[in-house]
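Look for chain A in each of the two complexes below; its partner is chain B in the first and chain C in the second.
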Partner chain A sequence: MSTLTLGAYKRRFSDTAWYPYALVAPALLVLVLVSLVPFCYAAWLSFHSVEYGQVGEWNGWDNYLKLIQNDRFWNSLSVAGIFMLIAVPLEFLLGLGGALVLNQRVWGRSAWLPLLFIPSMMAPIVVGLLWKIMLAGSWGLLSHNVIERFGMLPGTSIFASSDHALIALALVDVWQWTPFMMLAFFAGRQALPMSPYRAAAVDGANAFQTFFRLTLPLLTPLLVVIGMLRFIDAFKIFDSIFILTSGGPGVSTESPSILAYKMTFEQWRIGESAALAVLVWLAFFVLCNVFFQVAKKRLNAF
Partner chain B sequence: MSSNLAIVVEAEPVFEAAPDKARHSIVWTLLTIVIAALLLFPVVWLGAMAFKPDDLMFTRPTVWTFTPTLDHFNYVLAAGFLKYLGSSVLLALISTVMVVVIGTPAAYAFARFELKGRDDLFLFILGTRMAPPICLVIPFYLIFTQLELLDTFLGLSLAYLTFNLSFYIWVLRSFCRDLPVELEEAAMVEGYSRFSVFLRVVLPLLKSGIVSTAMLCFIFAWNEFLFAFMLGGNNVKTLPVAIPLLITAQGVRWGEMAVVGMVALVPVLVAVFFLQKQIVRGLTMGAVKG
Partner chain C sequence: MKLTRSALACALLFASIGTAPAAFAQAWSYKDAAKPYAGTSIRVLDEITPLQETMKTLVPQFTAETGIKVEYELLNHFEVINKGQADMLSRRGYYDGVMLHGVQFGQMLAANAVEPIDTYMKDKALMNPGLDLKDLIQPSFDTLSKFKGQTFGFLNWNYNFVYWARADLLNDAGEKTAFKAKYGYELAPAKTFQQFLDIGEFFTRKAGTNLAGVPLKTDFYGILHEGISGGATLNSVWENIMKNYGADLFDAAGAPSFNTPQTVAALTYWAKMWKYSPPGQAEYSLVDVPTVMGNGIAAQSLAFSDFVLGIDKPGASPYAGKFTYAAVPSNPDFKGLRSAGGEPSAVVINKASKNKAATYLFLQWMIEKDTQKKLIEAGKGGVPIRTSSFAMPEFGGSQAAFYTAMKDTMAAMKAKPKVPKIFELYDALGPIVQQVGLGKITPADAAKLGQDKMLAICKKCTL
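After this line comes the complex of A and B, so read on.
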């Protein structure tokens, strides 16, 4: 091995400029096939009339026009917006608080940490099922012992009330994702350098000053990146809504994903749902681009 | 500011050695226990429901103590859920193996080489991960109908590549960047070709990164619902898809749902205990090293 001449060394393909591209090629090819091709197909469909699964003729912007004249489309955007605005800030604040608690002198911390991952790693469908049981009708553990006993929702169950179902869904999301926020912020906090804290202690800074002047600014980039990841994820919510309310009562919890699902597989309005998919996709691409730039600049992580 | 921020991710040793840090605090420990109990209580309750007899399940007030029953397990077994369990395992395994084989070289190349348009390629990869699955499932459904890939393991594992391959490349790349490049250089001085450097030096060093990232991919495939629901069928039916089957015309089989939910939780519990640090890294797309 070690006696190869320079000539033999040069002839090998793996030492040419093509080599890195050869390593990346299969993955890129697959990703193009499984995501770019479906996207282009959806885009192509969105400009056609589709009747009973048969692709008809080119109809320009018709599908898009129908979509933006459809109240349910705008409703789904506001459902997603309200959902994100309730869930993500709560997760964020509770997660930050939890991370600060974990960061104290907690006994047996390494034993607690893995347990806390459980909600965030659970299948969303199982999370939905779990809360379906907790909040079920009149006998669910929470619906009977808490909501009913304290007279919070007289005469109705939480997922049957169009005013409260969305809030309940957002709180389920908070249950699932707060632990993740907590552990991510905790990991970030643990990775902070110790020396500024020692300096602050020498200068006699109190806990509040240390948090607001030191921890918060140092953690900001991480908080931004993780907050954005959660916003992006929360917008896509499907599984838990599907099993808990299927978008109801009425359209009060119909997120864009649920709407697209119903348009496609219940109403067979495939052209319109393709248009919806394309719009959502483009919005995501813009969001991801922003996310990528922020993450790269702020966190030096990617 | 940004030069400071690099430190955020380059973990420093934790300052645990100082004497005042060594003593534990009862207050904070209790608070942690309360938080953990609040978060985990619903999961424990789900476990209890799996063993709770039907006649005690719907009582008001809630019955807290009961003699455990295996009725729900028997119902689930009789309803053919072993087959769904098998499909779940097989599908998650196939898709994870595909991801590892295709993704490992790519992750390494992205970490080590100057590729033209690397940032754009990377953005593309991130984009495939972030896209809402509902946007993909509609075209997939129509394409798979034409190619007769509906309700096959191949079709579904291809669909799973959309989220797992990009995830795997993204996270494994951050593991690759942690490897000291000097080892590879030394091997090349010894006359190894770049490819044998990859096979004999990089892969052994990456082993734990590959295993933990692959386990996360397994969990994501295991947990997946929408693709399996729309693109699967009677041949390929995974546990998450089978759960709604228990909402029958005669009513909801609550105890049975709890059983299936707990079974679906098993790989998650295993992963949680073995992979804590990698989970933070994984779920933050490599932004936090955990």
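After this line comes the complex of A and C, so read on.
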């Protein structure tokens, strides 16, 4: 009798509206503590004057006004935008192409597949140092032996040129993250069911038809999620820029993260950098939501 | 007899007067001074360079003598700035002592985060009467640590620029003859700005041409200088070039004074230097300059002397032992005070420290003559903070030219003025100065733009 009562109670709780919330509560609590609390504090700081780390008076929108009147802020957004537009599509296309090649029975695949992990496993700071050794003006391996020897960039070096530095940084990002994209897409492709492909083969579909009518639609949820994560990650680029150019020449590679770093840790303009963080967060919140809705409704990705 | 007795008494009196300070100095000891603090633990944050790494090996001697435990933490330049400043500004007092470069003083003083040490210096129990502060190198010490009648630390590190050139090239007979034929004077380490440019022009050569009688495999450059938009580029342009043209970032009242004919002249000179520089100069930091110089692709440079020490030693570079040094070149047309760049720095007492007296004792011990002697002996050289250190054998012999250059630089080297928003100003001016070097903006436009940027940050910038 008592067992029955306990069983009935358990069923009743799992049927209540609270049950799903109880399940996600621990994760939600961690998320709130580690993510939302600091963000809310940053938002609160952004409405205060913060002198030398000491929180002062409420100053309304002053920090935001200062920020939007600062040409360096707009420049940093433009730098991040260009960086994303160069790096992410290239990583995406090369990653997808590589994944499709990997999906064929390539010779020695299982032996050299783990090598693809290497760039993504490297700490960003190591990646920056590695490419400094390769491309540093006058003494970098590639700069000295190829670029300067063949006069490819007369009178300047890659990271000293405001026309080339950002492109080079984006290509460093491509070098680091394309293998990750390739592996992620390859794993996704491997997980796809075989029966639609068999049916397509029976129907006489060629490789292009199979790709555009089967592979691409089936992979869309994965492509959307990975693409979105890479866009967000690329926008936040910091380490390699910090190591390779420090935001220069001039301010031609100064991303929002680099600007925020300078404002916070060098200049102690914490109110303004908090405002920058809030604005960037809001922009991403809106963009990601739009992206999510489009992916959901147009691409059936979620 | 009476006379003899009087004379003896007088002699004894004079002798006792004469030896009194010495006797007191002998009586004072770190062991006695530290008795109230024995067992105390202090944390001191300093920058990691070979100098501090050597100092770290000596710190246990202080602990053995005083019983004060010292956690002497060494971090890289940026981390010291971030972590040290953050701790001082937060008032947590995790660190009792923090190394501040002169450039940081304005910000930290404005935030009232630095403890003055005058009270401790007046305390006979703490102050070693034999410390001999007059021996600390000037004007570094006074301009760094003394401000508005108070003292905010001693002089711990005396980073300085030196002129650095390839002696094997400057002494090559063929090059000397060719240089004299072209410029009308002897080829030797540059003493003036014009000579610096002439030598730069003379040695800038394409691959395939001869250098000291040997065909060049790659291009060779006459001048190497830090050119990154952050770092110490602006520091060098300001102190090594602008000030020697009579230009300055601030006027006597502390207001921005970047848009002046003197600044335009100095920036014009700066732009000329870039004509003889390697293509990657705009990405060179103060760490890259010695690396590139050590690779042997440039004839002369202005560089921080402590970084030079890492290159001009056996095994570090194929050109080790083939370098020569001199003071930073000057501008003979400028009749004012000569200036040379550097960054005098001090470990200061954190205002929030709970162990200020014990920390003071450690700071004092760091600059003691005996500690400095041991530091120089252990490091087989270094960067002196005491004038008397230059007499040590480590600063003679084959390194004599290097240390003479250093001494000469230090004579003209001051700490930065106390400017709370200096990093904002650096951040605004750095890219502009770099663009002048790259030829993207004219010196006149740069001066105007720089002035506008400075005024947007502060109308009166100094404390």
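We take it that the second predicted complex is superposed on the first by the 240 of 302 C-alpha atoms of A that agree within 3 Å, B and C clash if a C-alpha of one lies under 4 Å from a C-alpha of the other, contacts with A are read in each partner's own complex, and residues count from 1 in each chain.
Going forward, a residue touches a chain if its C-beta (ideal position, glycine included) is under 8 Å from a C-beta of that chain, and two chains touch if they have at least 3 such contacts.
As the structure is a prediction and not an experimental result, all values here were calculated from the model.
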Problem - Touching partner for A:297 - first (chain B), second (chain C), both, neither - result: first
Practice task
Check the residue A:112 against both partner chains and state whether it touches chain B (first), chain C (second), both, or neither.
Solution key: first
Exercise for the section: Examine A:231 and indicate which partner it touches, taking first as chain B and second as chain C; both and neither are also allowed. Expected result: neither
Practice task
Could you say whether A:144 touches chain B, chain C, both of them, or neither, answering first, second, both or neither?
Solution key: both
Problem - Contacts of A:274 with chain B and chain C, given as first, second, both or neither - result: first
Practice task
Please work out whether A:265 is in contact with chain B alone, chain C alone, both, or neither, and reply first, second, both or neither.
Solution key: both
Practice task
Go through the superposed model and pick first if A:211 touches only chain B, second if only chain C, both, or neither.
Solution key: neither
Completion exercise
Between chain B and chain C, the one with more contact residues on chain A is chain B
Practice task
Could you say whether A:136 touches chain B, chain C, both of them, or neither, answering first, second, both or neither?
Solution key: both
Practice task
May I ask you to decide whether A:160 touches chain B, chain C, both, or neither, giving the answer as first, second, both or neither?
Solution key: second
Completion exercise
The intersection of the chain A residues contacting chain B with those contacting chain C is 53, 136, 138-139, 144, 265
Practice task
Spell out the part of chain A that touches chain B in their complex, as residue ranges.
Solution key: 1-4, 9, 12-15, 19-21, 23-24, 26-28, 30-31, 33-35, 37-39, 41-42, 45, 53, 98, 101-102, 104-109, 112-126, 129-134, 136, 138-139, 141, 144-145, 175, 178-180, 183-184, 187-188, 190-194, 197, 218-219, 221-222, 225-226, 229, 232, 235-236, 238-239, 242-243, 256-257, 260-261, 264-265, 270, 273-274, 277-278, 280-281, 284-285, 287-289, 291-292, 295-302
Handout entry: Complex contact set, residues of chain A against chain C
Key = 51-54, 136-140, 143-144, 148-149, 153-157, 159-162, 244-251, 262, 265-269
Practice task
Would you mind writing out the residues of chain C in touch with chain A in their complex?
Solution key: 81-82, 85-86, 89-90, 107, 110-111, 113, 218-219, 221, 227-231, 278-285, 288, 291-292, 295, 297, 421, 423-424, 427, 430-432, 434-435, 438, 440
Completion exercise
chain B contacts chain A in the complex at 2, 4-12, 14-15, 21, 23-26, 28-29, 31-33, 35-36, 39-40, 42-43, 45-46, 49, 57-62, 102-103, 105-106, 108-110, 112-115, 119, 121-128, 130-136, 138-143, 145, 158-159, 161-162, 165-166, 169, 174, 190-196, 198, 219, 222-226, 230, 240, 243-244, 252, 254, 257-258, 261, 264-265, 268-269, 271-273, 276-277, 279-280, 283-290
